[in-house]
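Chain naming follows the written order as A, B, C and D, and within any one chain the residues start at number 1.
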Amino acid sequence: MMPPDPTTPGGALLVLAILLPCAGIILSFVLGGRNAERVALGLTPFGFALACAIAFHVASAGKPIVYALGGLAPPLGIALRADGVSAVMLVAAAVILTAAGFYARAKFATPEGGPESRSALTFWIMLQAIWAALTIIFVGGDLFNLYVALELLTFAAVPLVCIDGRPETLAAALRYLLFALFGSISYLLGVALFYGAYGTLDIPLLAQRVQSTPIVWLAAALMTGGLLAKTALFPLHLWLPPAHANAPAAASAVLSGLVVKGSFFLTLRLWFYVLPALSAAGAANILGALALAAIITGSVLALRQARLKLLIAYSTVAQIGYLFLVFPLATGAHVWSGIGWSAGVMQILAHAFAKAAMFLSAGLLAEALGHDQIARFAGAARALPMTFLTLGLGGLSLMGLPPSGGFSAKWLMLQASVASGQWVWTLPVLAGGLLAAGYVYRILTPALSEGDIMLKAPPKRSREAIALGLALIALALGFAPQGFFDLLEIGRPLAAGTLQ
Amino acid sequence: MSPWVLAGLVGAALVGLGLYGLILHPHPLRKLLAFNLIGSGVFLVFGIVARRGAAAGFSFDPIPQAMVITGIVVAFAASALAVALILRLHAESGRVTLDPEAWTKPDDGAAKS
Amino acid sequence: MSVLPFLDVALALLVVGLAVWTIAARDLFASVVGYVAYGLLLALVWVRLYAPDVALTEAAVGSGVTGVLLITAGKRLGAARAGEAGPSPGLALKLFAGALALLVAGALVAIILILPDPAPSLAPQAAAAADGPGAGLGNPITAVLISYRSFDTMLEKVVLILAVLGVWSVGADKAWGAAPAPLGRRNPYGATVFLAQMLAPVGAVIGVHIFWVGADAPGGAFQGGALLAAMWMIAMMARITEPPRVDARWLRLALVAGPAVFLIAGLAGPLMAGSFFAFPHAFAKPIILFIEAFMLLSIAVALPALVAGPPNGRSE
Amino acid sequence: MSHLSSTLLVASLAAPLALLAACFVKNWRPRALALQWLAPAPGLAAGLLGLTAAPASFDLPGLGFTLRLDPPGALLLAAASLLWIVVTAAVWRERAPDERFGLSWLLTMAGSLGVFIAGDLVSFYLVYALVSIPAYGLFAFSDDAEKKRAGAIYMAFAILGEALLLLAFAALAAGEPHGSSRIADMMAALPASPWRDAILALIVAGFGMKMGLIPFNGWMPLNYAAAPIPAAAVLSGAGVKAGVIGLIRFLPLGVPLQGWGEALAALGFLTAIYGVLLGLTQQNPKTILAYSSISQMGVIAAALGMALGAGDISASGDVAFYAANHLLVKAALFLTIGALAMRGAPLGGWTLALAATLALSLAGLPFTGGALAKLASKAQFVSGWAASLATLSSIGTALLMTHFVARLDAPPPDAARECPSALVRFWPAVALGAILLPWLFFPAFGYVSKALEIAKIWEGLWPVLLGVGLALGLRRLGWTAPRVPAGDSIVLFEGAFTRLLALGPGFETLDARLRQWPAAGVSLLLIVLALLAAGVLG
């Protein structure tokens, strides 16, 4: 007896959203040369349109949209599901990837009739691969399928780290790859145990079946550990600063803004969608404690970096910590857990846009000045006002000053901490904001002081505009209307409303 | 003792050994070997799950077995990528260390472009 | 009581022993050799777990192709000087890490022993579906891979493309487009050449056979493709043929053939059978074989490409 | 709310923001910055209209923002708008400052006007951040080490204050049962909130930092000494009042809170006396004015503390009037430093008389606006000890202001250059305006005739006379106060901060250790085992 096909209207969009970048990869690889860039950039509007269409469908239906591949319902088949968070993440990823792509044209363009180059082909294909992998991660409904997507993401990200071929980037890429493999094998072992326990890997089916047994806890622990390794949550961040600081700017923006969010998203899926029925306060507090350590250590280390890109990379370590505060703040079915949930998603988005904008600006800065030593920035703000405006606006969001997405996230986090009586989590939120102010101040003050500066080449206005656009989105998130937060609630298990 | 229990013990032993090697061996190629050991241990767990799932005339549950096949191919691809990186790193620098301090150069961090 | 349990225990001890060797060997190369032997024995374990398809894959990919990859790498790295990769960790750390690894392994054993009984299984659903989407396939594994969970399989093929590109991308800029370094020595041993000349054609035939019977018996595109790949690699090691240039159009087409055909078939699903990645009952088997044929090609090309490594500007 | 006043209310925030938006177009930027003196005009009109109107709110559709105008806010809005118009027009008339300064000016102005009308938590926080943070750009972009130091310290306090307030506001929002974000609703729910004490502590500390209450007073003298005179005028006049309106808005004045009220009053009086004493040790007239501000903010905090203890909701109007008077007078005093420095001639005659009158207005000299302010604050200081302390602070202020006038002879070297020449020419008008304008506003809050009663005049006069006499006497005796570095206790904060910095290398070592592969691998296993244990045992 087969369960009925759960496909909903609009579900086909999910398949198309995945297959589009996959087709792009294949085409780029075969056609090669300049065509890889043409395909990659040419597909961006379609990818963006699909993401928007999915978001529209989810919002208008008020419930997740589903597609059962091959007409086979889970557990035998694989289902794709997009709920509110998926939809929002899809759109965010589409915007950032498109921005990174157009920004990167200056560096990875192949001249008309020129020979195919290693770095260009790699960049354009891996960019699309990241798009494909993230799309699957955001809408995948099967834990093994998500494993393949995670690997896809890693395989796309690693070559970007070492795309310029210097030995230190190769070492960074190797360290990243090996630790990510450590993480994925841990995840896969957890998947095996889930299958052994319940005979399915479909997320909603598992959610119905799981009980608090040692098998489930071991599986969850292994999967979480693996995902934390891939997300670089402190103290598993060994690979992140060198990898993100050494990659080309467009790649760093995608790696810091989106790629780490992929594995984080799966951590959310695991605890809030597979295991919502379990009382996971202990695990949530462990993750919260790691988050606290990440925020403090990452921010302090960011304060102490001499190079701008390393500073931004360490800031990512800290901001990843903020992401994990969602676990103690949104676990369970309370009125406040909805606030915590909104805070977590807002933090993902705000950091994605702000950090991408900052890395892109840092890239422009490094190209214009020939270095990214903060101590030698004197006078740079006058020479590159738009770039520093972007850095400042991105920094505004990181500090959590209004109006910005970062402010909204912190605001909601503080509310959830207070409402849940967990005042301890206000400490990292506030301390992190203060320290972030410190490192943003460290970037801007030397730049705003007087000094003569020789630009190697002024940055192109269009590239500056792309970075500024992302920073403005990070700011605009601060004005997100109630409807946006309602969208995030669509499909969230144990949403407070459904409990009462 | 049924065979799958034995396989389970082997699988767990492989995972344990691999973890030990992956954490402690400084050489990246040895780490990669250890990763593959863990991998085969994990695949054995899938194998046990498949074997225990024998039903409906099948002597195994085909789903986990199919996953293992996919997993083996992905693990191989990962190994190939890691080997390529190790060899290139060795060729470029003569070293293969993953020690983060070994790669911090006193340069000005000039972005190569 | 048959002798099998004793054989099982002996096999298990041997496998674990080789794993210990792989981890404990002082010399890098000895460790690599130990791992290759381990992979072969592991294939036997899979046979004992009633997993002939996995056994074939493990033997061909897990041991065979991985073995060539690792041995080549081990050789190229040469004798690793002690401490080259950094200092060996201290005793306290060793003990601590060992204890933690033991704890994890112990937890895993405990959990495996209490896996639920009767075990949950999708075998009944798979059997029921054999009349439907997986129509006409006697090998349930193939049905799962190409039909029920075809999406995983297609993604995995995309992963292979990315891995190939990733491997290529670590090459030098100026070498781009050229061929990878040859796999074998300049003057291959006579035995290698002889083996290649004898084995490769036979192996290739067997590979195609494994693929062809894979629809109904153990085997399929993976196993067949891996065998074909191995044969090509033997020929390359004997210098009968050389790795192709990375910008060769035929190579790129062959690499993407499998996923491309799969993707097109998946996209055509709504027209043929009302759903993406669904195949019409009547034609399921021929369509699946058609897809598999291209996957065979892609695997047979991708695995050697991964082993051969990035393009290398120098001729030797 | 009438159509006109709601339009004006929106316009008072929209006008500066529209100019800000225009600054994004490069070609429009110089024009937009030059026109910003007009931006506070709607605020002035709205404030004047709101002086006598009933409190009213206006929700901005779509954004979820609420604007609210009540007489205390209206008075401060009107006074601040006037100040911004005068100073801005004078500064830009002379010659356009560079764009960095101009943008900081515009942003600070927008925030400074916004705090008086923001009606919900989030928009209040937003405009509060605007009035605090961009002000950095008004004085700190410099190679001068002391200005850099002042900038860093200012920023540290501003951000720290923001953080405390953010937590307070989040707790307020979490405690509001109906999901409203209006400040008025929050205040209604606060007395019953389970986190009432924590919130009040955060509110007092957060706004106290802005007002320079001890022990957070150290940034203010450094800031005002570093800022050019026009910037010091608007910051000391309008900027600091963001803290005052913050306390007015966020203290639950309608409900008696005995312990809290007395604590705040004690803190306020302590600050008032402390400011006077430390001010006497200073030589730079700008720094003296800063300490006078600290002292005056202490008086305001004390008045609010008394009102909080008594549950007196009407105090907000009185306090706002006191603050508005200080707003005008303090700004005019800063301009006085510049104007007199530019004249160069030794102080004497009517110039001296005008400057002294202006200065003593702060001490409540009869017939000045200060007398009215004192009358307004009297209502709070009814009990014996509070009245005595208030009188003591008046004497102190007169003493300090006499010291200030005496030090006008030795202005800081840049004073003449910093002050726009238009202000020098119109200085007498400015000073007279600051002395007399409060008389125009006062009828909205009390009876002017009361200030003209003989008893009241004497009551106002004798502390001033005593203070001035004391100052002159001490001068005659040749007594000089010990020299205390500007910012007094700030060195302790700086020391603590330096010690905090010393922790940095420790973090670096920790990070380097944890980023070793074996450490990371072990951490991963530990995390897995911990999660397992938490699940199985928990």
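We take it that a residue touches a chain if its C-beta (ideal position, glycine included) is under 8 Å from a C-beta of that chain, and two chains touch if they have at least 3 such contacts.
This structure is a prediction, so every number in the text was calculated from the model and none was measured.
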One chain's C-alpha mean falls closest to the whole-protein C-alpha mean, and that chain is A
Which of A-B and A-D has more C-beta pairs touching across its chains: A-D
Chain whose Cα centroid lies at the greatest distance from that of chain C: D
Give, as an integer number of Å, the spacing between the C-alpha centres of chain B and chain A. 25
Roughly how many whole angstrom separate the Cα centroids of chain A and chain D? 41
Cα centroid separation between chain C and chain D, in whole Å? 71
Hey, how far is the Cα centre of chain B from the one of chain C, in Å? 13
So which bits of chain B are touching at least two other chains? 15, 19, 22-24, 26, 28, 32, 45, 48-49, 52-53, 61, 63, 67, 70, 74, 77-78, 81, 85-86, 88, 95, 97-100, 102
Please list all residues of chain C that touch 2 or more other chains. 89, 93, 97, 100-101, 104, 107-108, 112, 115, 119-122, 126, 148-149, 152, 156, 159, 162-163, 166, 170-171
Tell me, which residues of chain A touch at least two other chains? 76, 144, 148, 151, 155, 158-159, 162, 165, 170, 175, 182, 189, 193, 196, 199, 214, 218, 238
Interface residues, chain B side, partner chain C - complex: 1, 3-21, 23-30, 32-34, 36-37, 40, 43-45, 47-63, 65-70, 72-81, 83-88, 90, 95-99, 102
For the chain D and chain A complex, residues of the former touching the latter: 62-64, 100, 122, 125-126, 129, 133, 137, 141-143, 148, 151-152, 155, 159-160, 162-164, 166-167, 169-171, 173-175, 195, 503-504, 507-508, 510-511, 514-517, 519-521, 523-525, 527-532, 534-538
Of chain A, residues touching chain B in the complex: 76, 107, 144, 148, 151, 154-155, 158-159, 162, 164-168, 170-175, 177-178, 181-182, 185, 188-189, 192-193, 195-196, 199, 238, 242, 306-307, 309-310, 363, 366-367, 370-373
For chain A, which residues count as touching chain D in their complex? 175, 179, 182-183, 186, 212, 214, 216-218, 220-222, 224-225, 228-229, 234-238, 241, 278-283, 285-286, 290, 297, 300-301, 303-304, 336, 399-403, 410-411, 414-419, 426, 430, 433-434, 437, 441, 445, 448-450, 479, 481-482
Of chain B, residues touching chain A in the complex: 15, 22, 28, 31-32, 35, 38-39, 42, 45-46, 48-49, 52-53, 61, 63-64, 67, 70-71, 74, 77-78, 81-82, 85-86, 88-89, 92-93, 95, 97-98, 100, 102-103, 105, 108-113
